[in-house]
Every structure is written in C-alpha cells, then in structure tokens.
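Structure first, then comments.
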Amino acid sequence: MAADVILDVQELCAYYRILKGDVKAVDGVTFQVRRGEILGIAGESGCGKSTLAHTLMLRKPPLKHISGKALFLGQDIMAMGAEEFRKLRLSRISIIPQYALDALSPTKKIGEFVTDLVREHGIHPDRSFFAKVEERMRFVNLDPAVLGKYPIELSGGMKQRVIMVISTILNPELVIADEITSALDVSSQRFAATLLVELREKGIIGSAIFITHDLAILYQIADRLLIMYGGHVVETGPVETIVHEPRHPYTQALLSSLPKVGVQIKDERLEGIKGTPPELLEIGPGCRFRERCPYRTKQCEQTPVTENIDPDHSIACWHYQEIGGERVG
Amino acid sequence: MAARDFWRRHENLYFAITNKKVIFGVVIFLSIMALSIVGPMITPYDYEEFAGPGYQRPSKTHWFGTTIMGRDVFTQVVYGLRSTLLVGFLAGTIASAIGLVVGFVSGFFSGRAPDEGLMMLTNMFMVLPSLALLIILSAYLPYRGIVTQSLIVAATAWPWTARAVRSQTLSLKSQEFVNLSRISAAPTFRIIREDIAANMFSYVFMVYILQFNGTILSSVGLEFLGLGPTRGISLGLVLQNAVNWNALHLGMWWWTIIPGLILTMLIVSLYFINTGLDEVFNPRLREL
Amino acid sequence: MGRYLSKKVLIYLITFFFAVTLNWAVPRFAPGDPISMLLSRFVVLEGGRDILESFFVKTFGLDQPLLQQYFGFWRSLFRGDLGISISQYPKPVLSIIRDAIIYDIIILVPAIVLSWIIGNKLGAFSGVSKKADNFLMPVFYFLTSSPYFWFALLVSYLLGIVLGIFPTSHAYSATMRPGWNLAFIADFFMHWFMPFLTLFLVQLGGWAIGMRNMIIYETNTNYAKYMESLGARERLIRRYGFRNGILPQVTGLAISLGTVVSGAVLTQMVFSYPGLGYLMVQAIKQNDYFLIQGCFLFLIIMVLLANFTVDIIYMFIDPRVRHSYSGEV
Amino acid sequence: MAEVSKEPIISIENLTKIFSSGVFFREYTTAVKDVSFAMYPGTILSLIGESGSGKTTIGRMMLKLLRPTSGSIYFHGKDIAQLRSRAERREYYRRVQGIFQDPFSSFNPLFRVDRVFDMVYDVFMPEVRDREARTREALMRVNLNPDRILSHFPHQLSGGQLQRLLIARALLMDVEILVADELISMLDASTRMGILNLLVDICRDTGMSVLFITHDLALGYYVSDYTMIMHQGRLVEQGATAEVYHNPVHPYTKMLFRSVPDIGRRWDPKEKFIPEQVTMEIDEFYAENRGRGMVSVSPEHLVLMSVE
Amino acid sequence: ERNQTLIVGGGTWSQATSWNPLYPNCANGIRGLVYETLFAYSPLTNEHKPWLAESGGWISDNVYEVKLRRNIYFSDGQPLTAADVVFTYELARDNELTYTPLWRNLREVKAVDNYTVQFIFDSPNYQEWQIELYTRDILPKHIWENVPGEDLMVITNDDPVGSGPYKKLLAGPDRNVWVRDDNWWGNAVFGQPKPVEIVDMIIYENNVALGMLMQRTLDLSNYFIPGVPAIKDLYGLTTWYDGPPYMISANVAMLVLNSQRKPLDDAKFRRALAFAVNPEIIVERVFERMVPVSDSTGLFGGWTEYRDAQVAEEYGFWYDPDLAKQMLADAGYVDKNGDGWIDMPDGSPIDFEIIVPSGWTDWMESIRIIAEAFRAIGINANPAFPDAGLYDERIQTGDFDMCINNYGTGISGSPFSYWNWVANHNINRTHVTEGNYGRYDNQELFDLIYKFNQLPPLSDESLAVASEIQKILLVEMPAIPFWLNGMWAQSTSQYWTNWPTADNPVGYPCSWANNWQFGTVEMLINLQPAQ
C-alpha cells in the first residue's frame, strides 16, 4: 500500500502571513495520492485549494509553510533544499496552473519557451525531443506549427492545451491541475478534463490532483475525491461514495445544491447552504463548518479528528455517525 | 484593539505611512517645504538687496554665503524655492488638468470622433519636440511671470497624462458600477463625479507628482537658457545667475551646489513618494 | 498589419501638416522684426541701414502677402529647400543644419544608446536584487533628477578645471585640423567625453528607473510564477522579464533618438559644444525665422521618423502589436 | 410552465449589433446578428451560449447601455430607441432593470452600499419618505439582515450578499423585466441556489419577467421556462426549455449537451471528443438545410437551419 | 602648433557664413585681417595711422587726396593701385550698397595716377569722412568687376582675396580659422604678425571662456567675465590696466529716456533723473570696478578733444538725490495722492518701466540698482527684462519708458557718431534703427549736429558747435550716460606674451568685429611667443 502512495501529505499547515495576521488557508491537511489515480479536490472558492497547490509547488511570500510534511516518493518536499526541489519540479512533479491564459511570456514563441524550460532541467532539446513535443501537440489536437507561434496567436482553449503539454512534457509522476477548466466553455472543459485522463491512460503522467469547484467535472474524471472546507479536509473517499453517499454535512449540502440537467425548479427545489464561508484570518480551532451546520453542538468547537469509516473513506466530523449516508440524485 | 481595527480598515494608509520610501520622500519634501515657508520669514535680507560683501563663504551671517555682488544666497534660495514650488504646483496642476480633461473626455467617448480627434492631438503633442517647442513658445512672450511660464511648460507636458488618464478612464468605464448608475438613470454628471473621477483619485495623485517633477525640470532648463521668468527669482534663476557670474569657476561652490542640490533633492523626494505610493496602491509591488 | 501602418502614417502626416503650419505661423505673428534687429547692430553710414533693409525685405520675400508666403513655404519645403538664414545670411538653412547636426549625433547617439543599454542592465539588476536596489535606486533618482546644465557644470568643473583631465569646451582643440589621424581622433575624444558623460549619466538614471519598475512588475506576472513552479532558475525568469520589460523602453529610446537635437541644448551650452541646440537658441534670440523653422522642422521630421521606425520595429519584436491591429484578436 | 399571456412586455426584432472602432480606419466585430425574441410576464427566459457569443451584448442593448446597429426593441409596443428624454428613460428604467455578472465591480468601492438604494430613491421616487424602512423590507425579502448590510462598504460584504443587494434593489423598484447577466457565475456553489430560488420566487410573486443569461446548461434548465441557445451572435435554437433540452436539433446545441458535465451521467469515454469538430458539423448542417432559415420544428421550438 | 597659434574668443557668435566685405554681417576678421582700409585708427592715441595709404589730407575745402603706398599686393599677387580704390567707391555709386549714401555729397573719385586718388566732394562731411577713412575695405577690382551688381551683397566670397596679413583657412560651427599670409606687403612696412594661425572660437557663455582661460586653451578673451579682478593674479590674466578699471573703455552705456512719454517729455524731469542715480554703486557692485563712471558729456577717448570743460562744469550732473528731489518738486512733481510716489503736476500717477534684454546679466543688475535709486527719491520705477528680440522691437518702435542702450556709442574717430546716435534726426518712422530711440525731437540740435559734421575736425568753429551740442544734451538730457562699458579683454601668457597694456600700449587687444584695424593687427605684430 505505502509503495503505492506517491504523495503523502501529513498535517500540512501553510498560512499567509500578512499585516493583519495569519490567513490559515491550509490548516492540518492530510491526504495521499496513489500511483495512477486522479484525486479530485473540491470546495468553495477561498477554501484553500489553490493554496494547497502552491504549498506543494511554489511557496512565495506571504505564503509560509508552518508545519507538517509532504512526502513525495518518500522525500519530504517541505524540508528539501531549494535546488533539489527545483530539479524535482516539472520532471517529476508538475503543475497546470489556474491562470493558463497568461502563463506564457507574450514575447516568446511556444517552442522557445519549451526549450528554455527543459534546458533548466539539463535536457538538451534535440530533434527527437521536438519530435516528442510535436507528437504531444498532435495528441491534444493542436497543429505542431503552434510551436512557432506567439501566445497571442492562440485562443484560450488552445493555450490551455499548450500549457497541458508543456507541464507534462517530462512525464512527471504527479501533476497538479488547478482549476484548469473554470475559464473554458463547456466543450473545451470536456476536452481538457478528458485529456488529463488520457494522459494518464497513456502513461505520460503518473497521478494527478485535479482541483476545481465544479463537482460535476470531478465526477467525470476523478477516482477519489477530497472535499475541503475552510482550510480543512472534511471528507475523502472514492468518487462514487462521496457523490452518492456523502457523510459530512458540508459534502451533503454541497451536493444537494448542485443542479443537474433534467431538474427543474418546479419539480425539485434545490437548496443552497445558508450563511457564508468562514473568514480564514486568525481563525481559531473547531469545525469550520459549524456556523452553517444543522447538526452543530458544543463539541464542534473542538477541531474534529479525521476518522476512517472505510479504509478508503475518511471524514472529519464529530457527528458523522448520527448523520448517515444520504443518496443524492 | 481599536487601533488595530483602524489599520485594518485603512490598509493603504497604513502601508503608505510605513513605507520607507514614502517616509524618506515625505520627510525631505516637508523639510524643503518648511524651508520655503520659514526661510523668507527668518532671513533678515531681501533677495535683491546687497546684503554684504561679495564672495562670502557660508557663515553665521550668511548661511549659504553671498553672491559675487553680495546678495545673500540663503535668501535667494528660500525665495526661489517658493516660486519653483509654485511653478511645479501651477504647471503640474495645469498639465495634469489638461491631461485629465483630454484623457477623460477621450476615454469617455472612446471609439468616437472626439476620442480620435483628441488622441490625434495628444499623439501630435507627444512627438513634437517639447524643448524646442518650449523655447519657441517662451521666446515669443513679452514678459514671463511664473504663471506664463507654468502655462508654457504645461502646454508641452500634458500629453502622456492624457494617455494614461484615458486608459484609466477606459478601465473604470467598463466597471459595472458605472453601468449600474446608468440604469439607475443617474445624471451623467453624478456618474462622472462619483463613479469615475473619485475612483481615479489615487492614480491622478501619482500622475500629478510626476508632472510636478517634470515641469520643474523643464522650467529650470528654460531658466538656464534665459527663457525663464523675466522677473522675480526662482531656483533655476539662482542657478542661472550662478552660472552667468562664473560662481563655480570663482570658487563660490555654495552659490552653485547648494541651490542645485536642494532642487535635485526636491525632485528626488517626490520620486520616492511616487514609487512608495506605487507600492502601496499596487499590492503586487508591495515590499514583503 | 498594413492597416496598422496606414493608420500610423496618416496620424504622422496630419501631425506633420499641423506642425509645419504652426511652425510657419508662430514666428511671423510673434513680436520682433528680425531685420530691424539685425540692422540696429551694424555700424554703417547714416542711411546705409535703409538700403540694407530694402535689400533684406526683398531677399526674404517678406513683402509678399502672408498666404503667398505660406504656399511658397510648402512649395520650397517639397523641394527640400528650407530657405536661407537671416542671421547667417546667405547660408541655406539646410546646410547650416547639416554642418551642426553631426555634432549632436556624435554626442547624443552614443550617450542615448549606451545609457539605454547600461541603464536597462543596471535597472534590471536593481529590480531583482533588493540589496543592490537600496543603493542603486537613490543614485538613479539623483541622476535623473539633476538638471542637465547643473550636472554638466559639476562635471566640467571637477574633471576639467579641478582635475584638469578633460578640456572644458568645443569639439576639438583650436590647433587641430579635422582629419582621420590618431591625434585628431584622440583630441576629439577628449573634448567629446565630458558632454557625453553628462548626457550619459543623467539619462542613465531615467532608463534604469524605468527598467527597474518594469522588471519588478514582470517578475510578478503569472508567466514568471508558472516558470518558477516548473523549476526555472531565477536567471531565466529574469531574462524573460527583461525581454518583456525592454519593449516599452524601446519606444522611449526611439523618442529620445528622435529628439536627438533638442535633447542636448543645455549640455552643449555648458561645454560650448557645437550642435543644433545652440544654433536654435541663437536663432530664437535673433528672431531668425527661417533658421528657427528649419531647425524645428528638422526636429519634427526626426521625431516622426524615429516614431515611425519604432512602430515598424515594434511590429516585429512585439507580437501583441501585430495582432491587436490585424483584427485577429 | 408559467401562464403565458399573449402580450409580450418586450419584443426584440432582428436585433444586430456590430461594434466598430476607429474613425479613420474602422474595424468591425459582429457581436449580435439578427436576433428576435419576446418576453412575456412572469416567465424566465434563459439565454445560453459560450463566451463571446453575444449574450451580454443583447442584455446591454435591452438596458439601453448599447445602441443596436439595426433592429428594434419594443417595450410595450414602443421602440425604446425613441426614448430620448431623461423622463422617458427614467420611466423605462423604472420598469426594466439589470444585474450584472460581477457583483464586486457592480458597487463603487468608495461608497457605502446604501448608495445603490439612494440612487433609486433619488431618481425614481424622490417622494418616498420612509426610505430606510422600505430598504430594510426589501433586504429582508432577499434574506439579508439589514443591520449587517447597510452602511457597510462593498469590500466588507461577500459576493452573494452583494448580488442579493442588487436583487433587493430591483425589488424596490418593482420592475417588469430583469436582465440577469451571469447572475451567479461568480458565486459559490453553496450560495448560488439561494439566489436562484429567490429570483424564481420573485418572478412568481410579482409577474416579473427575467432574461437569465448563462453558460451553464444545468442552471438554465433548472430555472427557465424558455431557453434560447446562442452561437456566434445568432440564436440557433429557441423554445420551451423541455423541448430544447430533450430534442435538440441544431448541432451546436447537441454538442453542448454532450459536453456538459453532469453528476450521474458520465461522458462517453470512447467518444473522441474534439471541440473544433462542431464548426464543421454546423457548416454541414447549414449546407444540408440550405435556404430554410429559421424553422419551427414544433409549436414552441425554433431552430436556425441555415444562414444566408 | 599651439605656440604659433593665437586663440581668441568673444567676437564671433555664430558660424561665419559670408566672407563678403560688402555684407555688413560678414565673418569677423574680414576687415583688418583679410581686407584692409586706407587708414587704421587707434582709439588709444586717437590717430589715423596710414595703412594702405601712405598719407592723406584735404588739399582744398572739398578735395581729399590719398597717396597710396607702393608695393601693395593682393594675396593673389595682383598689385593694389588707385584703380582699386576708385573701383571700390564707384561700386557704391553704381549699386545700392551700405556706403552708397556717401555719394550724396561725393561728386567724384579720381585716380590722379597709379598711387594717387582724389575724392572730390560737393560739400564734405568732414567728421563722417574721418570714420569712413578707416572703415572702407579696398576691394581688388580685377575680381569684383566680374560680380553682377545685384549679387554684390549676396555672394559669400568663399575664397576672399584681400591685401591683408591673413587668409581664410576654414570655418566650422564653433570656430573661424585664419592663416598668416607670409607674403603680406606689410611685413616690410610694419613687421610680420607673429601668430601663424588665428583661431577665433565661438564660445556660448562667459563662464566657458573663463574655464578656457583657466585651462589656457584661450589666449585672448574679449568677454565680460565677472570675477576677473578677484582671480586675475591667481590665474595670471593680463588686463589693460593692472588695477581698476582694468579695461579700456569702448562705449557709453546710457539710460535712454522716451521723450514722447509723459513726464519724460519734460526736460526738467529728465535732468532731475540724472542726479538720482549713483553710478558708483553700479560700477562697484555689478562690474567690480571693471568699468569707470562716465563723464556727464559721455565723451571719452579721442572724443574728449571736443569736451568743453566749462559746459561740463556748469551743466554736468552728479549724484545728489536730495537735489534731484528738489528739482522735481520745483518742476511740480510731488506726491499728490499720498501713496508715497511722486505724481504728475496734474495728479496722474507716474509709473516707469526700465528695460534691458533678458539674460544681459550685468545690465539687468544695473537697472535694478537704477530703479532702486529712482524709487529712493519717490519715482515709481521697476526693472523689466524682455527677451532681446522684443527689447529691440520695443526700443525701435518707441514702446518703452526707459532703457539701457549702447548700440551706436562705440569709440570712433569722431564724436559725430556718438551725437548722431544719441540725437538722430531720423525719428519719424515706425522702426527707428539709427539711434535716438527716445525720439527726442529738437531741430536746433539736429541742425547743430549736421553742422558739426560739415566742419573740419578740431577747427575752432567745430569746437564751438561741439560745446553747444554738449550743453543742449546736458540741459535737455535725452539720454543719461552712466558708465563706460569696457573693451573687455583678458589674456593669458602661457603661449604668447607682450600683450598690450596701459604701460605697454603696443596695440589694441580686441577681436570684436570691425575692430581689427583699431590696432589689433599691431598687437599681432608685437606679440611674442612665450619663452
């Protein structure tokens, strides 16, 4: 089992140290990514998803690693030396960022950009390398001529694909995809999401973390889901389990507020979640959903411990036993 | 706790007053301002008066020494500073105002005839060699007081402000709150005032600082060429006099270096304020 | 692309037309009669001035109706004839300018180009290195805030008179005859150095500040972040930032090169270095219409050409411009 | 489906918007092309299309924020282009209002949120005395606690709160038509539903008619009576929501339905899905149906079969 | 070579563009270095020194006869003879040239023989002739007879052929260079000028000139350089006098009063002004004693031969503000409205503006002092500094109250030039360019000046007329002479020595245009290379 784990994050805390105090955007997060799986991370805007990605890939002030480990193939990348970690990135662990539309330098042709990047990892981009790049381009249904173009000459969807090619060009074991579909049309969304699956199928990438606020997409491609709320992980489990038998009150509320094609208001009235997400600045202990939770008790003022209901299904809630699985949809 | 709350609310202000560049700039700028305000009050001389023998180095009676003819350099500097600041203020205001109006109108009517016309005018002025234009303009005015000089300098200084303000207006105009005001049938004037102008304030302030500096430097250049104000005194004129009367060659460093240094520091201080404020309003540049 | 150019050309043509008209009109409607001015300085027999006056009025066509003078002005302009100088009668304005301009070019082009190159390099360095910035930025600001003539005076006094290294005035020693020999070139260089240094240093400050701000901005962009997450070294990111940051500086460079002539007036005055700047100041002081017009026109043409060149260069170096005008975006 | 009265409140005929810029060298972008539809009281009409298809532009023309290049918009039979005087415009805005996509930029950051209400009172009902009371009532109706909202600055409130404020504002005015442009796209999954439900309830209660602009098919289906699909400035398919969703005809609409992610229904993993294909399909579709134009495939279902 | 080159500066302000002596704005040095005049004039001794001429004089009331030297050659080897002199003058008879007015009373110029020329007049202007003798460049007939009449002033004469000691070498934007003609005819007569080359530098600012003096890259500066008294010894600068006033006087700086404006139309008022100012302060503060205070008559140098001491004694003025006030009060000018300023007798206020060109720093300072002095006796006067172009326009069109001017007051061979400038009769035109900017109108004085011109120099009658003129000028005071501007000259001795000074008057150290024949060529002959 342990050998199957690519990334083992343990009690990771990463805060934004700003003037007003600490923004506890990733606070005691624990999860694993297994070889060959796509782990979906979902949660509302501001719950710390991107922060988690940044903590793993690029910590820039004011973001600070506070405590906890992130073992990538057994090595703690939080404690790693800067140069060692630098070499690890792109070649073994990579990211597809949220801001695909301006992730490329406007004055560099795509090909030059790729060349410069892989050189940084000691790879001399020879003809066979370019053959590979071109093949990948074709794989994402782009004309290899794109390599000779400037970013401005590409549409948003094309840029997204280019970024996906670049980020996976060195066949990394782990790819973190942060909201790669949010800015896209439904059709491009589908293309990008399935592309990630195909990349894994073809063995180009090992595993992936797919971050989005759109559960419906995760349902399409993820193997397991991790639901975040207010900097905490509230529930983790296989996608079918989470979608159909959520146990955490937040997951349940989230799912029940998702519209599905074929549901009209006059037939079924979906309810949102009352209240607003917590302010993460200088937030104290306790379950962070408690303000909005119908099951809250005094106990919720303590931070809930994460428990495994199933070997594969863990949850952080004091009351999950009372709540019971609710089938949705 | 209340203090903390206050700072939370006025984050920019906090950053402004804790920004080292702003502090440095403000301290120097205020000292120079103070010099121009207090100086004329404490000096016992008039700037045109023969206050003592010529060629005096700085001393108790003549803090910045005397000129070749025996005028008091300190007095000249503090009075000169006043008009230099005034020129910067006037010309900076005029240039910013023209730039603001042009940029604003053009941004507001973007894509339509007034916009194209004004932008063409702006581009024209932008490429016209400004010093040459300045020289020609000033040469044809009978007398130049501070006001005319400010006008002349401002006449060539506004175009880049116009461009900057235009793009700022464009981006503000596309903000939804402007549309919301429009569908509230709010009077156009109210929209301009509350939704656009008010939101441009901090930007305009920084533009203004740059204009202040630019116009001071231009007018000092004109003064050196003998195209400055034909009466009165200003730092540029003090320097021009120092040059004309061979101050440096005759060993009167105090007559050349002190006014020049004060002038330079004045401009430097404003640049510092500007850069500091840029960091404040532009969190990306904020010192972390 | 063609459309972009034709739009620019049209703007430049209109600018040119207005500038020429303004240029023609201003001296004529301004006070001061160049001929009476010239006359009053001559020592001649009584009555001799009347003869000179009618001679000048006829020679310069000032007795013609204004409109006719205006059209005549355009006519001769198209023949490349800028008229004849009044104060330097009977030398054609064009050849006066030609004789003087070489000195402007010789000083300003190296000063501008070198200060541009070095200023950008230093500015970029200052932008990425906090330590250097603390020292360099105030220096840059000091340089760019100094009035040219004041700075020139300090340089001239220090290096020329106190240290006695460089001659304080003129383009070459009185005893030198221009020629392509080592002695002359060395002598010319010595005279050239201080005006050059002044312009170089003062302009350096401006470029450096510009580049510093650009690079700070560029290294905070998303593409920089993306590159860093993919393990690019700081050097590469800086290089990218420099490449993008340099583009606005190119415009500045062109504009400076366009104002080559007027840019150096003050410095030339301090060093009695020949050039168009002084010529223009003299022309103005003597109300020499034709020379003023000639100089000014010349300047405008230079500036327009420089701007136009930059517009074209820009199309090649910045893909964004090419596309924003071809309607492909 | 809600009761549909015969008289449309607003009807749009052959609306076209071509953006042009530049005086000397004009450049043109066709944002909206030959669009016609009508809105009836108490109905929710959703306008669905990908980014850049011209949805917002239609909304803005209805709000008189943009002038149509050709075609007209009739409000109770009167061409709104004729409403020139301030009084006429005021009367129009009293009845037709909009809410924009981005709640954060809909508020002037320098003023307290109360300003949007004040503006309404100042302009539309200067006679009202009990402003505060009315505002509070409107806020309560959109489930906001007035004490936690009023006299706050926009940056102190969440997107959902701001968006509700805007709805409350429309309520205050008792409008007939509300143009809701991507009303909830900036909001969180958890807050979305509340607002959507609120909107539908208000529609029911007041007979207000909403143009619901979205790119989210599921949401469109959830709220609307009528659906219009937009592609590159044209309405390619429109009709009763169920009709359109269950019997899509236009290849673009079909493609949309194939690619929408939906919990409970997985994308076909075997299908090689390439977004670019749809352009070809559309061309073929138009070629096959040459000359047919807008065709009514069933009483409440129109499809654009070809463009001429 | 540096030690064979003389570097001068101060006379040239822009690149030379014409070497045509018929064009008044031709290159500085054309007259004196390249072309020569019949006589030279020495302001030091007030003598006409025979130059091309061997001798000259009035052989009758209306005939002036010049005997030319033999063996004078132009630089192309052609001899200079009477024919060239006759040609030079007849050129002005047949064409419109600046000296054409001479022919108003010149009847004929006749070559008696190859070396004798007679000027036959109808009624000679003796005084003006004094000046003419050292002003006219004699042109080589064989070259100029080929120039079409309408081109006489137009051609640039790029390759000037003259009889003088130097030839044109080159001209650039910052210098004019002349090279010695070793075959100069005068070598045998006067001696050979020492500098092989003369480089006339164009220097934009006087501080640059000072810097060059300090660096020894300038041998002779003809700039007004403030501070010279202070650093003269430190840097080993030579000036004409070792102590004050350091410089020889070159012209009169006068306060011109616009007599067409009230109350400056009142002679009493004008005269009172003269007593109000203490020119000593100007001399002391502004000029550091590099100039002397002017005599009340304005006469200096050779002109003093016509000075009437008695008139000066009786009608002269001196600094006495109380007296000035008294004079004003006597004439009815008192403060009527109690604002502290003197008003017109009819009660209207008086408010003057004194103008000098902006940038002429010494004059600017001077009028500040003058205005202060006027204010001290209750006359509201303020300095103003229009640009040079506008200043000229305003003085020429009479649009001013008071101004400082010296355009036509330079030292000459006859005080006629001075008086004719101060009180020129030609004032009824829009632009007055011949002097008398104040448009002082006094036919009696005009007649006297005209009469003076027609009287032989230093004849009793001319002296009497001169006294009369001086008296009228002092009583009427159309312009007040305050100080004598210097013939600014500072030289360094690193490369050249034996500079002319008061103790060693071996020439006239001046490189200003039209002054090379004032004795500057003699200076060149007497210079010695250092060591």
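Annotations
Letters A, B, C, D and E mark the chains in the order given here, with residues in each chain numbered from 1 onward.
The working rule: a contact is a pair of C-beta atoms (placed from the backbone, for glycine too) under 8 Å apart; a residue touches a chain by one contact, two chains touch by 3 or more.
In this text, all values refer to a predicted model and were calculated from it rather than measured experimentally.
Note on interfaces A-D and A-C: more C-beta pairs are in contact across A-D. Relative to subunit D, the chain whose mean Cα position lies farthest away is E. Subunit A and subunit E, compared by their mean Cα positions, are separated by 93 Å.
Centre-to-centre separation of subunit A and subunit C, using mean CA positions: 55 Å.
The mean-CA centres of subunit A and subunit B are about 50 angstrom from one another, to the nearest whole unit. Annotation: 39 Å between the Cα-based centres of subunit C and subunit E. Across the assembly, subunit B contributes residues 139, 142, 243, 248-249 that each touch 2 or more other chains. Residue positions of subunit D touching 2 or more other chains, listed in rising order: 22, 24.
Residue positions 31-32, 157, 161, 269-270, 284-285 of subunit C each touch two or more of the other chains.
Residues 1-2, 5, 7, 13-15, 17-18, 23-25, 96-102, 104, 128, 132, 135, 153-156, 170, 172-175, 197, 199, 201-205, 208, 211-212, 214-215, 217, 387-390, 392-393, 396, 407-408, 410, 420, 424, 426, 431, 433-434, 514 of subunit E are the ones that touch subunit C when the two sit in their complex. Subunit A contributes residues 57-58, 60, 85-91, 94-95, 97, 99, 102-108, 116-117, 120-121, 150-153, 163, 166-167 to its touches with subunit C in the complex.
Across the interface of their complex, subunit B is touched by residues 20-24, 60, 63-65, 86, 89-90, 93, 97-98, 100-102, 105-111, 115-116, 119-120, 122-124, 166 of subunit D. Residues of subunit A that touch subunit D in their complex: 44-45, 141, 157, 185-191, 193-194, 197, 213-217, 219-220, 243, 253-255, 257-265, 269-274, 276-277, 329.
Taken in their complex, subunit D has these residues touching subunit A: 50-51, 158, 160-161, 188-197, 200, 215-219, 221-223, 241-242, 245, 255-267, 269, 273-276, 278.
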